[in-house]
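For reference, chains read A, B, C, D and E in written order, and residue numbers begin at 1 within each chain.
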């Protein structure tokens, strides 16, 4: 009798040892490319003060200079060093991206697990989520930010809120699926109480899809921040972020292209890295993808 | 089926009410109000207070809400504080460009997105798959306005094939209408082609590994019929879902595209209204958008029955 | 001062009317022909006689153009068709007066949100004329063979208003110290190309007849920050600078100002918001911590600075004036303005007013940026006048 | 090397040294280590073995239905009416699939396309091979449903798979396979997922249809009971090799390979009455990733001697049309 | 202990179908209908039946994974059917379960040691050393080497995983283990190993088994008593030898006749029973088997046959084969029923078809 059902969700195949890394990178090019690139960007952002000048000091007389030895990418409309701002901008954009992804993932996880497990709570929550999802992200963000004035904190909240329903819906479907799996019933038979079942048997299987969704949310967050800054409600002007750099320098496309392309390319590369990581993680965790590749 | 639709329509109204209340409160708490804007930069605080009085903005919130809600029930979305025109009229003026842009974008995104997805799934693991997946990831990674300005720079300025901005209503002739919408549609479609292609590829790969595909092969079915006849219809449900989601997300993208290409659509109307704190317009548009969104979801759910006989309501 | 005066005008015959005043008003003609600031509009009685908030919707179309109601899309575009029944004067066009000959069939006023898009449309010939393009585009417009940048003689004066009700700017020394700090050229160069900016030191602007050099010594010496701070006896209070992120020029200047203040040790903080938010916060008289403000930057047309009576920004009558500078001596002089008959008397009054004003430093001028317009070379017949360009007399080749 | 050759003209399928490998990320699995067997016209050949022995891979290799990226038939020939199927182009192979060689699968729940009616799916086979029009094909579909004894076929033809029970779905699969009256029907564990009473009906149906249409059947299963009741000749597979081949009576009477014998004894059988302990086959099936030296069953074999570990036994005759791949086959038959 | 270890009385479970507000009476799936049986200590009761007959539901009802609609489940005289959470928790120690699919019944992210020790850890805190000692002991009991405790389920074969399932069930040393198709997912050779293990455990530790299966060969091998279920009801409950020697209920007979026997020479019957298992949403009236039963008479269509005790200790629910006598308590004699002459069993085999070879 061939075994009836191959395992559906990710099955860890033994301990992960450092010696595995070369083999894994060859097997999962997407994950290694994505995480490598992302690691590089994070290091760049953290080491910003070392390798870049002062992103904030203004010198109106040296406005819109072409790239020079002193300022590698030239200066922007307020005479600030574009290279320094691009690197410092990495901090804000990555922080906005990662933090809103994390908060959306956490909130989504919480709501999803509870909705997945208690029927009554489920209906109420799903209707609220529908409502929340129906308000376009950009407009919700604009309304929220105009409520309290621009700032990174509110920006992260404004980006995280519209992303939470998607995560909650994903986690809920995973929990509903896993709840029926025999090993959860076996744990119940063994006398395990609800919190232990949730923590030890149900939550771990929500982590892989959550990481994949997290990558997408992070990519969305960085893009939304850029979009909001373009509409003038994003990160406050003196704090350099790729979004508000692109937004404020779009008039100088012809005169000083680097002011828009430097942050633009960094933005695209970061979002690309996060998406590569997301795609790679999805293939890594989806056993069916492994069988087909 | 009828009871299901009834239940869904009722929940649509509920969602719209919820959105209405949420937006109403959100705006009232936001700093600044229409009186400031109308009075102009050189008005003294007293003048502003006077205008606020006349506009009835300092009545207690509850009364304002009730007044507005009653208006809604009567189908009157209130009048725009800034232009004095009924909100419904302002929105209907701006509907045609937004709907044209959204429809063309969805049509373009679905046709190209789905065919990319199917092709990538069929050639899974091969070069074609890698290229299409890379494009999909890239398409998803570039902000809409960067794509927009790039296309303007290239097509409108450099080689002057297409107009830079503006919108020609369709009754001025199909030609100018389409020509003006080409660049904005392509700009807005790039992220959605990527989004739909990724989901289409994933669901096609899922279906191609099912047992009944092996049965079809054992019957001697050709590659074409296996792909488009057997597999695509089974992958229909997830693809329809992603199309529904794209429609919903479109409103956000439309706002930026209308700004870049100067299309007088609803997106632009809302952004200006937010800058002018023109509450009635903001509330009106957001409610209509949320209602539209939930109805789109209902349409998508009902369309499932066309694709998959197992789904009955 | 609201202008709902008694019925002082009476019709003499078809072409003339008389005005009977209780007290002498030298400026009557000037006020009727004003260009900037609150401008008088001549309407039929029944249109004029309604509450301020109610909109005047009747459009009679007695001028060279008729407003096309059908094509109007508020916020997006307004269309004006040529009014065939209008017979222009025989005289040559002179500013807003003179013969208003119409050489085009229709004028469409398009509201393009994004400057880059507007410029691209002008380049590709989809639009013919841009009113006050963003300063950053001026260089591009000049370098484009088939475009022309029309720079007017006068422009808009940027000025900075400090909140005199709150520390540290309740102390006049602090306000005078700010005069030292401002390097007008640096501030203007954040947004405008050097050759189109003028420094402005007179309270009455540059191009108005009343502009004078009275006690403008503060500006000439330029920024000397340390001296400014000791004199002000600054004790570390937080100065909130309102920063409108959706208005490029004021946004840049606010950022420069914040950086400059921080450089000399002033606890300056930017409060970014959109213009709606700025206007709301500006009305708040509370302390900085609960919603108040320290400094905001705005501008107005240079011409408007020639009318201290009509233009509230030139008033200094404390809390019920325009953002609360208080200078009784200046107010007393200003009250005589509308009474004085001849131009010469008004000029000497202006000098006295300016001396009083600069001693109390109600505001700090930041500089003047010449206003501009750009159009395709194919568009000819543009009338050159300060602040705006009328649409009649234009011709499209 | 092929033993007692079956006379040329009534030889339907002749498989020689068929070898198929699966390619994982960093490992190669030798699913089929070179197997040879024959199928006569109208014969029912049983292919029996436990999971992972390669019985399903054999069927998929014959019809070339292996997953493109991960598996490949690396050696051997599959001669059908003398033509080697491995050499054919895709187009030619597609002409044979469903028309001359048909196949039915184990999972009735997932082997039918859920979004098309049963009639449509049966008609498709007819349309592909007999170039018939839609209406003709649907009539044929109805006729086939009646042939497989499904109640009121006129209505059932428009049913979707989820509206039918497991048994009925398997009957529809059989109808679809036999629609173009193939010469060889490969049945891969057709009744494993069915209940005992339904399984009996389906086995009965296959046997009846086989006799009526003269189709040869290659019946793949792990259940010795099913083999005993339906097959005429049997090959026993273990770890990708054929270890024994015989007609069904001889195989059950005197199994010549220790694995076959062990299998038969470990199945609880009423005739032997109630024993306290079932005889077990100790250990587990060897992994096909590493090469196997000597006999693959050696580690678990009660008859193992030194030669078993060094030289791989060859399939040799141990009686009339009874072959086994074991050095001590004769002793095993005696035990 | 005096009474039976486990006593199940009139156990019933109905699943409501849909919960429309407008529908008046909500249609119900009668998964388990009035099932009663008892299990003595150290005894193996097998429940046999085809898919959809409710045998798995019975298992889940006993383990309280599902709430019963009505009926009692008595362990040593205490009814656990109605117990609430904490009270039920204590009784978990007495009864454990082994699942069918070795792949999905073990949490893929935990090591073997953690999986086995978890039930005990639900009741008392264990130090690392204690947990490892417990795991080693349990692994030895199921015939696996203690080092296996650090392995992940994905690194083990099907047979080894099922042994882990059994070890987990043993950790609380229960007096009763419910095995739901415990060997159905395994290959024949591995099946033999597991069956032997279960028998050894029963002999050594006196554990009672409720063994659920659809494979009659396996049932015959290990069962002391057998209950045959059809569409939620028990149709026959008898000692194993008696049942297989002479099945009384026509459905039992059809089941045994249908099961393939590894003997090519056996005469192959015409398919013993036609038709499909009816849908549980609206089961046939009277005896649910009557549409497919060759012996069905008018009465079978009308009322549900009660379980009638027979002399050889079995009970049968069939109007034809075991007519309910009007005198309560008097056992129906096999010969009693006019329709059940000794020759009767031959009529079925009379339809044996031509020997096909």
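Note that in this section contacts are C-beta pairs under 8 Å (C-beta built on N, C-alpha and C of every residue); 3 or more make two chains touch, one makes a residue touch a chain.
Everything numeric in this text was worked out from a predicted model, so none of it was measured.
In terms of the stated touch criterion, the partners common to subunit C and subunit E are A, listed by label. In this assembly, the chain whose C-alpha centre lies farthest from subunit D is C.
Here the spacing of subunit C and subunit D, counted between their Cα centres, is 92 Å. Averaging C-alpha coordinates per chain places the centre of subunit A 51 Å away from that of subunit E. Distance from the subunit B centre to the subunit D centre is 54 Å, each centre being the mean of its Cα atoms. Taken residue by residue, subunit A touches two or more other chains at 1, 3, 146, 149, 250, 253, 291-293, whereas all remaining positions touch fewer. Multi-chain contact residues of subunit C, defined as those touching 2 or more other chains: 114, 116, 246, 273-274, 276-277.
Residue positions of subunit D touching 2 or more other chains, listed in rising order: 51, 69, 222-223.
Interface residues of subunit A facing subunit C in the complex, by the touch rule stated above, are 56-58, 60-61, 63, 77-79, 146, 149-150, 232-233, 236-238, 248, 250-255.
By the touch criterion stated above, subunit B contacts subunit D in their complex at residues 124-125, 210-212, 214-222, 230, 233-234, 236, 307-310. Chain contact summary for the complex, subunit C toward subunit A: residues 114-116, 134, 136-137, 139-140, 186-187, 189-191, 243, 245-246, 248, 251-252, 255-256, 258-259, 270-274, 276-277. Here subunit A touches subunit E in the complex through residues 1, 3-7, 9-14, 181-183, 185-193, 196, 200-201, 204-205, going by the rule given at the top.
Put simply, subunit B touches subunit C in their complex at residues 30-33, 36-39, 41-42, 44-46, 48, 50-51, 54-55, 80, 82-85, 90, 93-94, 149, 152-153, 156-157, 160, 163-166, 259-262, 264, 268-269, 271-272, 274-277.
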